[in-house]
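Just passing along the structure, written as structure tokens.
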Amino acid sequence: MKYKMMSRLMASAALVCAGASAQAADVEVLHWWTAGGEAAALNVLKEDLSTKGVGWEDMPVAGGGGEAAQTTLKARVASGNPPTAAQLLGMQVREWAQEGALGDLTQAAEAGGWADVVPGALKDFAMYDGKWVAVPVNIHRPNWLWINAAIFEENGLTPPTTWEEFNTVAQTLKDKGITPLAHGGQPWQDATVFDDVVLGIGGADFYRKAIIEADMDALGSDTMVQVFDQMRTLRGFVDDNFSGRDWNLATAMVLNGEAAMQLMGDWAKGEIIRADMVPGEDILCVAAPGTEGSYLFNTDFFAAFDVSDDNRDAQMELASAVMSPSFQEAFNLVKGSIPARTDVSPEKFDACGQKAMKDIVEAEGNGSLLGSLAHGHGQTSAVQRAIFDVVTEHFNSDMSSQDAVEELQIAVESAAM
Amino acid sequence: MGFLDIDNVTKSYGAVKVLNETEISVEKGEFLVLVGPSGCGKSTLLNMIAGLESVTSGELRINGRRINEARPADRNIAMVFQSYALYPNMTVRGNISFGMEMHGIPKPEREKKIAAVAELLQITQLLDRKPGQLSGGQRQRVAMGRALTRDPDVFLFDEPLSNLDAKLRVDMRTEIKKLHAKLGTTIVYVTHDQIEALTLSTRIAVMFGGDVQQLGTPQEIYDNPANMFVAGFMGSPAMNLVPARLRNIGGVMSAEVTLATGTAITLPFPKASHLTQDDGREIILGIRPEALTDPEGASRDSQAIHQVDIPVDVIEPAGSDTFVTVSLGGKDAIGRFRAHTSARSGQPFPFAFDMEKAVAFDPVTEARLA
Amino acid sequence: MTLRPARLFLYLILAVFCVYYLLPLYVMLVNSLKPLSEITSGGMMALPGDWTTAAWTNAWSQAQVGVEATGLKPYFMNSFLMVVPAVAIATLMGALNGYVLTKWSFKGATVLFGLILFGCFIPFQIVLIPMARALGFLGLAGTVPGLIFVHIIYGISFSTLYFRNYYAAFPTELVRAAEIDGAGFFTIFWRIMLPNSGPIAVVCVIWLFTNIWNDFLFGASFADYDSQPMTVALNNLVQSSTGVKEYNVHFAGAIMAALPTLLVYIVAGRFFVRGLMSGSVKG
Amino acid sequence: MARSAPSAAARMRELLPRIVLSPTIALIAIFVYGFIFFTTYLSFSDSRMLPSFGWVGFDNYVKLFQLRTWDIAITNLAIFGTLYIGICCVLGLSLAILLDQKIRAEGFIRTVYLYPMALSFIVTGVAWKWFLDPGIGLESVVQGWGWESFEFNWIKDRDMAIYTIVIAAVWQTSGFVMATFLAGLRGIDSEILHAAEVDGASKFALYRRIVIPQLRPAFLSAFVVLAHMAIKSYDLVVALTNGGPGTATEVPATFMYSYTFTRNQMGVGAASAEIMLLTIAAVIVPYLWSELREPKR
């Protein structure tokens, strides 16, 4: 009790010294981490802030991987009442920054020395026009292949490292009556697989050209045709009921042995742990075929909105708290992702987490740390969804790869306009 | 100037004029009935007096005070509606007391008045019921009770009896007449039933097509209808309207009527003595059924009974009377015979024409000539 | 009773449809009473092997909804605070409008009614952004009154429609009589019209209550952190994208969120048909 | 004749009804028509993430009609709308007639039929999704009963998925339609029915010739409620299929929402909203016309 009082006093003293208004306001945070462990993990942040005298006003809006929260955010901004901070994906940070809706965290960033610990690829999104406008909370890796170890062992299979190997392994499993790939037919899940295939077949440079730069030649290339061919092949390895299935139900199929593999981000670990299995042992985690050495990332940012002066200090406090190594560690241990700063010890993380932390360093070194299209780090929302349309349409119909490539070009061109 | 003056009043909805210039002056204590078929303008006129519809032009005065712009509540009138318009959510007591409450009459006084009115109308035992639990006649009494508490200058009745069955209607008619006799209030009463008009009123305004066709005492209206409309509307069975021709036979006026057989009969018509110049003129002869009787039933006082044998078409016994149909001037005419007549259908029978009661109309203008 | 087989067949058909209508509720109810393991092991339709109300207590007061593990409990109050005033005001305004449009009609009133009515049909998605701006302009952004205001606006068209049709069949002579009795515009409304509007008020309240209670879009867009309604909380509970899905808790929460509207239908349902009969179905 | 000027109080009385109505009129004018106007403007603007006011003419409309998803959305609305309204009316009427046969447990059955109206698809969405899912829902249950060849996998089938939406939508509203028709049936003068029975009309003929024609007002109000629900239906599609498989169950409402809010192409979203509004107007205006002409007797 005494300690708390003391720390609060000291905190306010520090603020006074910084010459800022001593009145610590509350922070209102719009986010879509509404249930289970991730929401509980966020509570760590809330507790942390409350010791600094900053109150937390929780504004959760779940649905569609943040789509509902986006709508709410637009309404809030339009009404001139934006939240202090909002959970956004990388591209969304950039789009809001372009609208001039974001504030400035540079002061806190300089004080915290963020520039030295945040990977460059993330900084590209967190900074706009030379100013820090958002702080990264985590780094997810969508290009994982989760494998039911028992099934592979029984059938004497080894994890595939290329798409060709994958096809062989999958065919073997299929012949034995095991569903090779657990998949949920929702646009973002289809796109997650698509990301992996583009990166795995085309390599990092191709991914950058085709997806991030939306280069028409790359989009129309033979490589892209091959990508769609592979998507068609994958369609054959998925059970008939895939359409509309939630990702966690697909994960459950791998866990209970109904299916052998799943291409999914590292949030799947939560399901694995809850089923009393160990990631990396019972369920293997390997990079998606052909993507070893590359790292697709998906980062949740807390973007600082342009709020009134009264709230700015609290906003800084929030940002600093998010960037603190202790929060980064605590939160990401729960979330399944890895910290957004490179100086956090991998010690407490599980095997998959440790591998991710190792891989990301390697990827950043060789320039293949790339934003994931499926998870809002590859393209603007308009282009992203236009690509989703084509990918999903192709995956769910008997459209030819050639047609798909043409559709893709038209869709991207029209959406980018 | 009367007590209630309807002074050159008109009503239009846009371009449609529903009430033409109307001039009626009602004396205090008078019972004026506005009668006519639906759409004649009688209800519009009543609503204007009540203040429920605006006056397009002209002036309404009560007791010399212009009331055109006064709120209904400020005109010191009371109205009984066709549907009684009892508030279904209130008890009988509440219904009667509502108007007084609105006029700020204190509760004890209201209670006293309610008791008095309930006593008068014999509805004391109904005071705590809701309108839904009352019979038609009881509702009618409550509606009158509500109006009575107001001590109004003018009582307005809008077809108050038309929702009652025949027997009750006759009873209530009598009650209303008694009430008028007892209270002596000025009443304006709208109905489409000419018997109500004749029995209740001290004066009648017969209306049609937005015009007052005739304004007069019941006797005047009945005996000397101003035109063929009034003649046909008032009285039941209606006055017989028979095509005929005036004849001046040596200075004595007669009406010539053609029978179904083709033979013409000549009926001396003293009332038309001022029309000696109009020999051969076509007229419509109006003759009431009670002026076309069996000879024994003919009026003893009349100086102009004329008897003719005519073949009878139909005989309709109606208890106290027997109605006999004959063809006159190509039209069916009805005569009122005594109950036990010996007339037989298909056979000629002597008819007594009471030409003192007969009237004549112009077939074109339909106005009365004699 | 000579038609026994036909009668039996009739009841059979009606029973089959009862099953059709009850099925989703059955699925929700049964699965909310199972432990999660029984659900994931299949058997959606099966009765619980191990009956438990754990999911219910969890959804009510323990489940993680956003940062705090409060369950749905606090959001109930938020919803009520929003729904009750909105329904009351929208109903009252609708009644007044219906009263004016039928009993005090003036030239052009019918056209105005037609224009009001079109408000029933506007898709809510299109008003989101301009409404946000308007609320910001009015200083109502992110407040409960703001949310109530929005619901009133889009409820008023319906309440006006209901009351206007009802009052059109309401005897005008009563209004006339009250006028002669000396009652003014508002007195007639309070003392004569409203006390006789029971059936249509039930229909109107049921309709508005259900619609406003069930609204998600406005709740998610215009509520603040401390005024989020039940539907948003339920959605947060159910829709978490990368969290573990506890279906039994979801179902328990869903039924809970629906209880007030269900109750309204069950309690007032029998007045519903009567209310529809007394006006809104008439042309 | 000199007409004295109406007093201030009288004028006030005259104006009072309009004053009472005016808040509503003002609210509707701004928040319905103003916003429609705003959306109309947006549909001709270069708005993307947030409203912006650069004029681009008909570009958004051109773009809209080139989009295959929009084609699909429109076609789906036509299929969905027709089936939904048709089935709801037929089912609602049939149930109402059946319930009108002096059924013993009428109150209970009526409530059962009516209650889905009380629930939003946020509440029932998951249950429906499960029920329709062949893996865990009806198909697997029926197969579990021993009917191995039973198939019900519409929700996974691109060509059939839209029909599952119809099933759920009918589930939600047919009870309400039933109540509307039941109210209509109860409103019919029973003497007319007796008269027809005396005339020797069979039960079937009685309903077809006498009863159903008298339900026209009920039909109309049911139709309007259903039509606007069909065009506005959003929650339902999102809860059941979210537009999938692929884009097979996309409807204009989901399309408009996604373009306006998710895809940051507000201009195209506004253009699609305009088309929706026009469709609604095409359905509603004739109804309003017929509805509002009548009182002018």
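Think of it as A, B, C and D in the order they're written, each chain with its own count starting at 1.
Here is the rule we use: contacts are C-beta pairs under 8 Å (C-beta built on N, C-alpha and C of every residue); 3 or more make two chains touch, one makes a residue touch a chain.
This structure is a prediction, so every number in the text was calculated from the model and none was measured.
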Chain pair whose interface holds the most contacting C-beta pairs: C-D
Label of the chain whose CA centroid is most distant from the centroid of chain D: B
Interchain centroid distance [CA atoms averaged], chain C/chain D, Å: 16
Between chain C and chain A, distance of the C-alpha-averaged centres to the nearest whole Å: 38
Inter-centroid spacing, chain C versus chain B (mean Cα positions, whole Å): 57
Chain A-chain B separation of Cα centroids, rounded to whole Å: 92
Where chain C touches two or more other chains, by residue: 128-131, 235, 238
Multi-partner residues of chain B (each touching 2 or more other chains): 71
Where chain D touches two or more other chains, by residue: 13, 50-51, 257, 261
Of chain A, residues touching chain C in the complex: 28, 31-40, 42-43, 46, 56-66, 68, 71-72, 74-81, 246, 248, 252, 265, 267, 270-271, 274, 335-336
Residue numbers on chain C that touch chain A, as the complex places them: 40, 63-69, 128-133, 135-137, 141-142, 217, 220-222, 224-226, 228, 232, 235-246
Touching residues on chain C, where the partner in the complex is chain B: 171, 173-174, 176-183, 187, 191-192, 195-196
Residue ranges of chain B in contact with chain C within the complex: 47, 50-52, 71-73, 77-79, 81-83, 85, 87-89, 98-99, 102-103, 146
Chain A residues touching chain D - in the complex, by the definition given at the top: 64, 67, 70-71, 74, 77-78, 95-96, 98-99, 185-187, 240-244, 380-382, 384-386, 389, 392-393, 395-397, 414-415, 417
